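Note that chain A is present in both complexes that follow, paired respectively with chain B and with chain C.
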Partner chain A sequence: MTTLLPPTLLQWLLVTALLVATVMLVALVTQRAVRHRRERRRAELDERLRPLVLEASIAEDDEVDALLARVRALDGEEREHVGRTVSSMLRGITGEAADRLRALADASGLAPRVIAAARHRDPVVRADVAEALGLLAPEGALALLLELADDASADVRTVAIRALGAFDEPASVDRVVAALAVDSGIPTSVAASALLQQGSAVGDRVRRALEDDDPGVRRGAARVAGLLQASGSGDALARLVADEHESVRLAAMRSLERMPVRDAVPALRAAALDGGTIGEAAARALIAMPGRWTADALAQIGAEAEPGVRRAAGLPRAAASA
Partner chain B sequence: MNGRILVVDDDRDIRDLVAIKLESAGLEVETRADGSEALQAASDGEWSVIVLDVMMPGMSGIDVLRQIRDRGDRTPVILLTARGQEKDIEAGFAAGADHYVTKPFSPRALLARVTAALG
Partner chain C sequence: MSWLHDTLEAIFAVIAWPAAMYFVLANTSMLVLVLLAARHFARYLRRSEHRGEDAMAASPLSLGVSVIMPAYNEAAVILTSVRSVLDLRYPDHELIVVNDGSTDDTLRLLREGFGLVPDERDLPGRIPARGALRGVWRSPDPAVPLLVVDKENSGRSDSINLGLDLASKELVVMVDADSILEPDALLSVSKPFADDPERVVATGGVVRIVNNSRVQAGRIVDIRMPKELVTRIQVVEYLRAFLLGRTAWSDLNALILISGAFGMFRRDVLVEVGGLDADSIGEDFELVMRIQRWIRHGHRECRVEFVAEPVSWTEAPSTLKVLARQRRRWHRGLWEVLWKYRGMLLNPRYGRVGMLALPYYWLFELFAPLIELVGIVLVVLGLLVGAVHPGMALLLLIVAYVYGTIVTLAAVLVEEASFHRYERWRDMGATLWAIVAESLGYRQLTAIWRIQGWWAGLTNRAQVWGEMTRTGFAEASDAPAASAASAAGGQPDRRD
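Entry: the complex of A and B
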């Protein structure tokens, strides 16, 4: 059984539907027009202001003040665009050019805007702030980044740890080392890269981290020690070849490939003879060391180790089958 | 300083920053944004040095370099690699790279590399 709607109600429903559709269409067209206008405006600003930013990146000392004065004379929207452009460019460069761009960002008033957004409720904005703080390094950036490194959002914490790589102060180094811990929620590669960026200033802290109770910290420190060629970390790396955690042993062996330590040879020999992935890593570390240290160990490996380990040691087939 | 430099990077900022730095030293610079454009430019022109980003969408810098070398082109190539990507450096040298610079880098240091490559 079907019930027909009264004609007036039907008419009212049709008109309403038509109105809703019209409003939606107008909203869509308006939205596209606004977006188009914004993109066009941004392109206009970019065409005009990008050359100024690029010019600043190669400016000589006596040209900088004039460039900064030009930026200060821009209107608010233009200065904001300069700030955005500088932030984007700073991701790829360091050195003098980066210093020039930071000065330009300062003149554009970017730093206060970034700092003001550090406690924004949107984690995406806070992550952007963390990245910008690392790039611009304005006064107070370190304290804010340490705060953001404990943010409720894991993404924000990760970006903050990465950004802390730009600061080699003890508080920053300690926080990055702590991020190597197994349960930190920060990818090891991010924390290790940040430590690498902090450079030679982290040597002492990395040496201590090699003895840490947390296997994640030991693993990350072992990885970074070799990349930084951290002097004085050889003994600890040699001990980590026999660590209870396989990932720590592997990281130590990779570092020993770059930074040979004679005292590590007995442990590497034993690991190589045990075979498997660890054995292969141990063999690679051994062949990276001076032959006069490793001749006996390699002879024994050639005679007794499993084929994969012998191959990793680069032993010729004849020696391998001896 | 004389020389024609081809700069290949999908990141417009890097292309522009490198180009303006090299141009400020008197070098002639052309830029390309991806691997296939780079291959085309490499075969169309005579270059003194090619600055080539490794991480590009589609054809990577290593693939581009391999194809350039397969053609017998010995133009000096400086790779731009990401920090911590040691495998890229190994693969780059295996493919025939002459030097590498790790991102983020100092444009001044890159210019020094280019100058050294120019001999």
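Entry: the complex of A and C
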């Protein structure tokens, strides 16, 4: 009669496995109990302190000092909670209310804590710092963010570039434009969104970026130009419709949907007749332009372009067979 | 019976150690995947403060997403589903509903509910579709980016292909009409594309089980463990194999399976590889394998990624009959796809997909039920004829059982430390009971069904989709006489 495997081995394995399973069960229950307790404590703090934060965000000028004094009088745990609440609220608030919240963050001691952690050895902490600097914008934030934008960690650099979107000073704009470059390691969407957030003040810089040697910079600038309605960038956008890089051409076409340029029509027509993704983007740009500029181009597309392009141009099925 | 006794003893002498090694290897490799996933979650959650999803949600520069929703007799839920997709937090997305020849009021409800008008624009025809097109409808309101395609019944894959043909955005996501989506689902799953648009070609999202949870207006508002034990066990299975397993494979850059209930793809790539294979039973698996092959053949530096953030909730089978059908279909699909792409197995040209993921799937997914059942049969026979020591057989069984439990417990521990979606203590109790119960009959039953599915694939038997009865969560119905979805002859009962 076989025992399949040596009995002592099986007994030893069983004891070990039971021990491990028991430890895991205890860890599971302990973990949940600790988390529930921490969440209850946070909920208590939230119930008490959130009204104070909300009150501060809509306070009149003469009420602000008293509210800040109340925050300064809180204990360490409470001030930390106020800081957390303010940070999360700042993601969705702008204008005067945001300024009030920043003052509150300052009173809670959050801003000095953030600045002090800017050179922490953990990249996750540095990335959190970059995020907070963008939201809180304390004094000296821009210099720190420019430093973090060259951090060794790509994660930190990305967050710093995104945070620089809150600053429209020339140094910030130049750094964000540089982050559009192909080999910057920063996602184009992050750098371009930061550029967009910097607003109409960056119009001149965007216009110059449209002529940059780096295709990534041209692509990002082209994408942003239409959204910013950057004056004087129409000619450059029209030229980019025939750029050697497909992604630049696509970006220029997307911008031309929002900012029609008559000189771009011949290049868009040619691109539409070439078909594919580019052709569809060109067709969409054309139908966003005044009909008197594009009538001939659309007629030719109706007669010669592939169905996908005709669809993008809004042309009916009947036109295809006509 | 001494010949049987002697034969079995001889067999055991040969296979005892290899079988033990197989068992240890199978469970240990799963444990390694769970630990890899735990490491991934720890990093992912630490970065949650600065991931930038809020910025992405507000940015007009985010990549556009076309959501494709095939619908077959979905009158009961279609309006709620459409509204919930249109309300997803994302700056630029359109919804394309493909009515797959429904025999109920699905199309009428959509037309009347959204005041749809005919869309006479040309059709691209980039992806060949089988079901004849009956009409295209669109919302007249530019603020409601909804397109409805009406076609003859030809199945889910063909419907998605038609939707893909009409999609206009850079990214495409496929969802089922009866899936419940998280409000940030598109943001979460498109984030890898935004971070690395040149290299990421597909992402998969986590699909969880909705049974017994409370749903309002297409949104999940109270997450609970299912009532039935069979569904509770599936929650644990999903957690271990789908959430943690796929996270780990993604980390290893060897992800070969994305759930059809929520997968996002770059549209140009999907068009280039030809869309879904309408003849495949495991069409989601087949598509990802085709994309992986496309990546390797073209020497492209592309990735398929898995996003661990919960994005979609779906109803799991709550009866053994429906579960059996699902598992037969899954295993048949697994076999057919693995066989179709057998040339990639252990082929260094396909990198970790060929050298790591595929051997794992062959060895520990495809063959697992066969080895398990053969082992059970041999041990039972051995006990009957006295070839095996009963006490030691029991001890071996308990050791195996406890080790399997440890692996699942590790998965639950990781979930508790990361997303912890089941918050009630009684849900934890239900989870622990499900872990215990999984090996007491459930695993053996699923092994039988899986072998049946494999056999059906080997003998090329016609696939019957059957019917999925909805019982899992309460939700106001869109149709006056709402009926449970019937997919007989139409679409598969479930994408999982």
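Before moving on, here are some points about what is shown:
Operating definition for what follows: the second predicted complex is superposed on the first by the 275 of 322 C-alpha atoms of A that agree within 3 Å, B and C clash if a C-alpha of one lies under 4 Å from a C-alpha of the other, contacts with A are read in each partner's own complex, and residues count from 1 in each chain.
Here is the rule we use: contacts are C-beta pairs under 8 Å (C-beta built on N, C-alpha and C of every residue); 3 or more make two chains touch, one makes a residue touch a chain.
Owing to the predicted nature of the structure, the values given are computational and were not obtained by experimental measurement.
In the superposition on chain A, contact is made by A:T94 with chain B only, not with chain C.
Once the two complexes are overlaid on the shared chain, A:R162 sits against chain C while remaining clear of chain B. In the superposed model, A:A143 lies in contact with neither chain B nor chain C. In the superposition on chain A, the chain among chain B and chain C reaching more residues of chain A is C.
In the superposition on chain A, A:E280 makes contact with chain C only, not with chain B. Of the two partner chains, chain B and chain C are each touched by A:A192. Residue contacts after overlaying the shared chain place A:A73 against neither chain B nor chain C. Applying the stated contact rule after C-alpha superposition, one finds that A:L4 touches chain C and leaves chain B untouched. With both structures placed on the common chain, the touch criterion links A:L14 to chain C but leaves chain B unconnected. Note: residues 91-92, 189, 192-193, 196 of chain A belong to the chain B contact set and to the chain C contact set alike, using the contact criterion stated above. Against chain A, the residues of chain C that register as touching in their complex are 9, 12-13, 16-17, 20, 46-47, 49-50, 52, 54-56, 59-63, 120-126, 166, 168, 194-197, 268, 382, 386-389, 392-393, 395-396, 398-399, 402-403, 405-406, 409-410, 412-413, 416-417, 420, 425, 428, 432. Across the complex, chain A meets chain B through its residues 50, 54-55, 57-58, 88-89, 91-98, 189, 192-193, 196-197. Residue ranges on chain A touching chain C, taken from their complex, read 1-5, 7, 10-11, 13-14, 17-18, 20-21, 24-25, 27-29, 31-32, 35, 91-92, 124, 127-128, 130-131, 155, 158-159, 162, 187-190, 192-193, 196, 223-224, 227, 277, 280, 306-308, 310-312, 314-320. Put simply, chain B touches chain A in their complex at residues 11, 13-14, 16-17, 20-21, 24, 83-84, 103-109.
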